[in-house]
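Presented sequentially are two complexes of subunit A, the first with subunit B as partner and the second with subunit C.
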Partner chain A sequence: MSTRSASATQVLFDAPGPRGRARIRLLSVLSVLAIAAVLGLGLWQFGRNGQLAADKWLPYLRRDYLAFLGEGLLGTLRATAVAAVVAFPFGLLLALGRLSRLRVLSAVAAAWIEFFRGIPMLLVVYAFLLALPAYGVTFPRFWMLVIPMILVSSATTAEVFRAGIRAVDRGQHEAGAAIGLTSGQTMSAVILPQAVRLVLPSLVLALVSLLKDSTLGYVVSVNELQFQGKTMVSITRYLVQTYLVVSGIYIVLNILLTRAAHLLDARMRRRAATG
Partner chain B sequence: MIAFENVGKTYPDGTTAVEDFSLEIASHEAVVLVGTSGSGKTTLLRMINRMVDPSRGRVAIDGEDVAGLDPVRLRRSIGYVMQASGLLPHRSVLDNVTTVPVLRGTSRREARSRALELLETVGLDPALARRYPSQLSGGQQQRVGVARALAADPNILLMDEPFGAVDPIVRADLQQEMLRIQKELHKTIVFVTHDIDEAFLLGDRVVLLRPGGVVAQQGTPQEILAAPADDFVRSFVGADRGTRTLHVEEIEGRRIVVDADGRAAGVLEPPAGGAARA
Partner chain C sequence: MQILVENWPLLLQGIGTTIALTLLGYAFALVLGTVVAVCRVSPIPPLRWAGTVYVEIFRNIPLLSLLILLAFGLPDAGLVLPYFWCGVLGLTLSSAAFVGENIRSGINTVPVGHAEAARSIGLGFFGVLRFVVLPQAFRTMVQPLVNVFIGTLIGSSLCAAISVGETTYVTQQLNIRSAEAVLLFLVAGVVYLALSLLAAYGGRRLEARLAPGGSGRLRPSVRLQGAAQA
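Moving on to the complex of A and B:
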C-alpha cells in the first residue's frame, strides 16, 4: 500500500534532485521555526500577563474542579450518544424516503433534508428555546439541545446513507431480484448491510460533528462540557486556562473518534482488497 | 417447456434489444443462446424469469404465460446464475446457497445440510462453506453461483455467461462439471455465452443470434457445423478460417482424425458393420 502510493507520487511529481531536496529541507526547517516562534510568542504573552503562573493551573488537578468538568464531559457524551442513537436510524429512513419511487415521499424527504442541512444549528436551538415556547410548546432543557442536534444530524447522515446505498454495485439489485427477493428484501438483506458497512467511517465522523454541536448546550444551559466551562470561568475568573483545558478535552475526544474512523476505514479497505 | 412467442423488447430509452424472436425449448433440453455482445441474449434470458418484461409477444412456461405469474415466486422456482458478482459479498458461501430455500420455507438446518451436498455436487470442498465470496477464486465463486441456483431444486436453470470471467483452464473444468451435473439432474437449461466452443460443447441445441435478437441459425451443433446458413454463421463458427476442418490420415492401418494444425484429434471408428469386413 505505502509503496504503491509512494510510486504514485513519484509519477505525479518529479523526484527532487539534490538542490531541490536542500530547498525542501530549508523550507521545512523555516516553517517549524515559524510555528515554534508563534507558539513561543503566545506563551511569552501569557507568561507576561501571569497566565502561566502555577496557581492558575494547579486548580485543574483539584478533585472538585475535575468532578465539575467531569460532569460536563458526561453531559456532552450523553447528549451526543442520545442524539446519535435517534439521528442515525432517522437519517437512514430519510435516505430511503428520498430514494423512494413514490414522488411525494421522495420530495418531502428531500425538502426536509435540504432544510435542516442548510440551516445553522444555532437557529434551530433558538427556535426551541424562544419561538416554540411562545406557542406554548416547551421541552426540558436537555431536549432543547438534543432535538435540534437530531434534526440537523439526521439530515446530514441521510446524505451519507444515500451515497452509501448508491455506491453498492448495481449488480447487487439484480442479484437480489434474480434469486427471488422482493425489492424490499433486496434493500434490507442485500443493499443496506453493504451500504452501512461502506459508510461506517463517515458515521464515526458524523459523531465528531455531533460532539461539536453539543457545545451549543450553553445556549440552553445544559450541563455539558462547554457550559460547565463557562460556569467555571464565571466562578474562578480563569478564562484562558479553563477554555484551554476544555478545548484540550474536546480535541482528545475528537482525535480518538477520528482515529477510530481511520482504523475502521483501513479495515474495510483490507476486506475489500482480499476480493 | 419454455416457449418464446414473437417476443420483442424495446427499452424505455428507445433501444430495441429484441425485434421478433420465437423459440421453443423442450423440457430437460439444454439450449445455448450464442451471439456477439449486445445481441439481446441477456434480455431474452431475463424474459423467462420476468426480470425483463417483453414489450411484444409472450413467454410461456408449460403453456402458462409468465406475465400472469407472480415474479418473486417465479424467480424462486427458477435457478439463475449470473456472470461474476452475482453472490452476496456480505454473506458466507453457505448463507448464499441457503437464501432461497430458507425464503421458501425450508428449515435452516435442512437447507444447510442440502447446501453442503450441493457444494460437493458442484465440485467444491464443503470446508469453504464458511468463507466469504471475496475469499474464493473466480472459478470457485462461479461454482457457488451454480450451487445456489440449484439449491431450490428448480426445473429450469438460466445461466448468463456463467464462466465468462474465469481463465480458460478453469472454464474447461467448469464446463465438464456442467456436463456431468446435467447428465445427473436433467434440468431444462437456457445458457447464454458468446463463446461458440462452449455453445457446441454444452448445448443440445444452439441458437445463433445477430444483433436485435435475430436468429441467424438454430439446430444441433452437428447441423450448424454441417451446413452453416450463411457467411455470418460461417465466420462465427470459424468454419471459414479452417479452425474446425478436420481430415483423416491413415497411420499403421488405423484412420486418425487430424485437425487443421496437424494435431491428432482421435481415431475414426469404422461405420457399424464395417469392422467385420476389415
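Moving on to the complex of A and C:
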C-alpha cells in the first residue's frame, strides 16, 4: 500500500513487522482466492446457461447496436441537461425564498422543498403520466419525464444552495451593509457569487442524481438509455447482456462525474487554503 | 373518497410492503455496508480494492437499472428470485454502498491520536475499531445513516417498476380503475412524507441521545454531499 497522509484508516493498525507482513500476505492470498471463487462461480453460472457465448456479446461491438444505444445515451444526456438547466436556477430561487424574511414566502418555499424531497420521483412521474391526463392536462412524453426531474431536483438543489449561502462568512453580510448596500444587493453582489462557487462541486454531484433519475424514462417510454435497452431487449432477447451493458454505461458516466466533482472540490480547497 | 374506502385493504397492504422492503433492505444494507467499510480500512490490499470496487459500482448504478437487471436480466442466467426479493436485494446492494461510505468517512472523523492511543495500549485492528473508533464514529454517522434510510424508503418506490405491490404500484393500479386520481396520489405522497419525517424525527432523537453533553453543535461548512440514491 502506498503511504498516504495519516488518516485514521491508516492508523488503525501498526506498521506490520515481519510476522505481521507474512500474515497480511497469507490473508491477501486467501482473500484473492475467495474473490476469484465468487467471480468464477458467477461466470460458471452464466456459462452453464449459455450466456457467455460470444455471439451473445459480440453484437455490442457492431455499429448498428452501438448507434442504437448511442441514441439512447444522447436522450439521457439531453434529459439530464435540460432538467439541470431549469432545476438549478429554480433551486437557487427556492433557497432564497426559504431564507427570505417574508414569512409567507419562506413557508411556501420550505413546504415545496420538503414535499418534493420526501416523495419518490416515480410517484410524481405516475401523477404526470396517469393522473393529469384524466383532467385533460397532457404533455409531450419528453416533458413528462423532465418536469418531474425538475421538480424533485429543484428541491434537493435548493438545500445545496441554502447550505452554500449559510456557509458564507457572516462578516460578508456586515461588510456589505457597511459600504451601504441593501440586503438584496449584498446577497446578489457579495454573498451569491461566493456561495455558488462553494456549492459548485455539489452541483456536479446533483448531475449524478439527475442522470440516475432519467432512467425513469423507462416508465414513461422516453427515448433514453434504459428505455432504449428495453426496446433492444424486445428485439434481440439478450436480456442479461443488454441490461449489463446499459448499467455499465451508467456506472462509467457517473464515476466520471463524481471524479470531476471531487477534483473540483479539491482544487477549490487548495485555492481557499492558499488564499 | 369512494375509492379509498373501497380499497383500503389493498392500500394498507401496499404501505406494508413498502415498509417491509425498506426495513429488510436497510437492515441487510447495514450489515453488508459495515463489512464493506471494514474491508476498506483493513490492512489487506485485495480486500481494500474489493471494497472500493463494490462502492464505486453500486453507488453509481441507477437503482432502477439495478432492479431491472436483477428482476429481468438474471433469470436468463438461471438466477430466479421472486420480484419482492429482487427488490430487497437491489435496495440492499445499493444502500450498502452508501452505508459503507458513510461508515468509512465516520471512521475518518475520529482524531488520529485516538487510534494511536488505543494501539499504544495494545489493542489490535478489531480492538481499536470496536472499543475506540467506532463508538465515536457512530455519533457522526447517525445523520448520514438516517439519510440512507430515507433514500432506501424513497428508492423502494422503484420496485413498482418490477411489479412489486408496494405503495406506488398500488396507487398506479387503483388510478387505472378510478377517476379520483389526484386524491390517490396525494394520499400516497402523504404516506411517503409521513414515513420519511418519522425516520428523520427518530434520527434526531437518536443523535441527541448520543451527543456528548447533549449540545447540538452547528457546523455551517459545506461538505461535499453524496448524490442521492434513487
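Just so we're on the same page, the second predicted complex is superposed on the first by the 243 of 275 C-alpha atoms of A that agree within 3 Å, B and C clash if a C-alpha of one lies under 4 Å from a C-alpha of the other, contacts with A are read in each partner's own complex, and residues count from 1 in each chain.
One rule holds in what follows: contacts are C-beta pairs under 8 Å (C-beta built on N, C-alpha and C of every residue); 3 or more make two chains touch, one makes a residue touch a chain.
The structure presented is a predicted model; accordingly, all values stated were derived computationally and were not measured.
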Quiz item: When the two structures are laid over each other on subunit A, do subunit B and subunit C clash or fit?
Solution: fit
Practice problem: Return, as a multiple of 10 degrees, the angle whose vertex is the Cα centre of subunit A and whose sides reach the Cα centres of subunit B and subunit C. | Solution: 100
Quiz item: Does subunit B (first) or subunit C (second) touch A:107, or do both, or does neither?
Solution: neither
Exercise. Considering only the touch criterion stated at the top, classify A:239 as touching first (subunit B), second (subunit C), both, or neither.
Key: second
Quiz prompt | Of subunit B and subunit C, the chain that contacts the larger number of subunit A residues | solution = C
Exercise. Quick one: classify A:263 as touching subunit B (first), subunit C (second), both or neither.
Key: neither
Exercise. Scan A:41 for contacts with subunit B and subunit C and give back first, second, both or neither.
Key: neither
Practice problem: Report for A:194: first if it touches subunit B alone, second if subunit C alone, otherwise both or neither. | Solution: first
Quiz item: Of the partners subunit B and subunit C, which touch A:177 in the superposed model: first, second, both, neither?
Solution: first
Self-check item: Overlay on chain A, subunit C to subunit B nearest C-alpha distance, Å
Solution: 17
Quiz prompt | Of subunit B, residues touching subunit A in the complex | solution = 49, 51, 72-77, 80, 82, 85-90, 99-100, 103, 133-135, 148
Quiz item: Which bits of subunit A are touching subunit C when the two form their complex?
Solution: 1, 6-9, 11-14, 16, 24, 27-28, 31-32, 35, 45-46, 48-49, 51, 114-115, 118-123, 126-127, 130-132, 134-135, 156, 160, 163-164, 166-167, 198-199, 201-202, 205-206, 208-209, 211-213, 215-216, 218-219, 226, 233, 239-240, 242-244, 246-247, 250-251, 254-255, 258, 261-262, 265
Self-check item: Contact footprint of subunit B on subunit A as seen in their complex
Solution: 169, 171-172, 174-182, 185, 190, 193-194, 197, 271-272, 274-275
Exercise. Please give the residue numbers of subunit C that touch subunit A in the complex, ascending.
Key: 40-41, 43-48, 50, 56-57, 59-66, 68-69, 72-79, 104, 107-112, 115-116, 119, 124-125, 128-129, 133, 150, 154-158, 160-161, 168, 171-172, 175-176, 179, 181-182, 184-185, 188-189, 192-193, 196-197, 220-222, 224-230
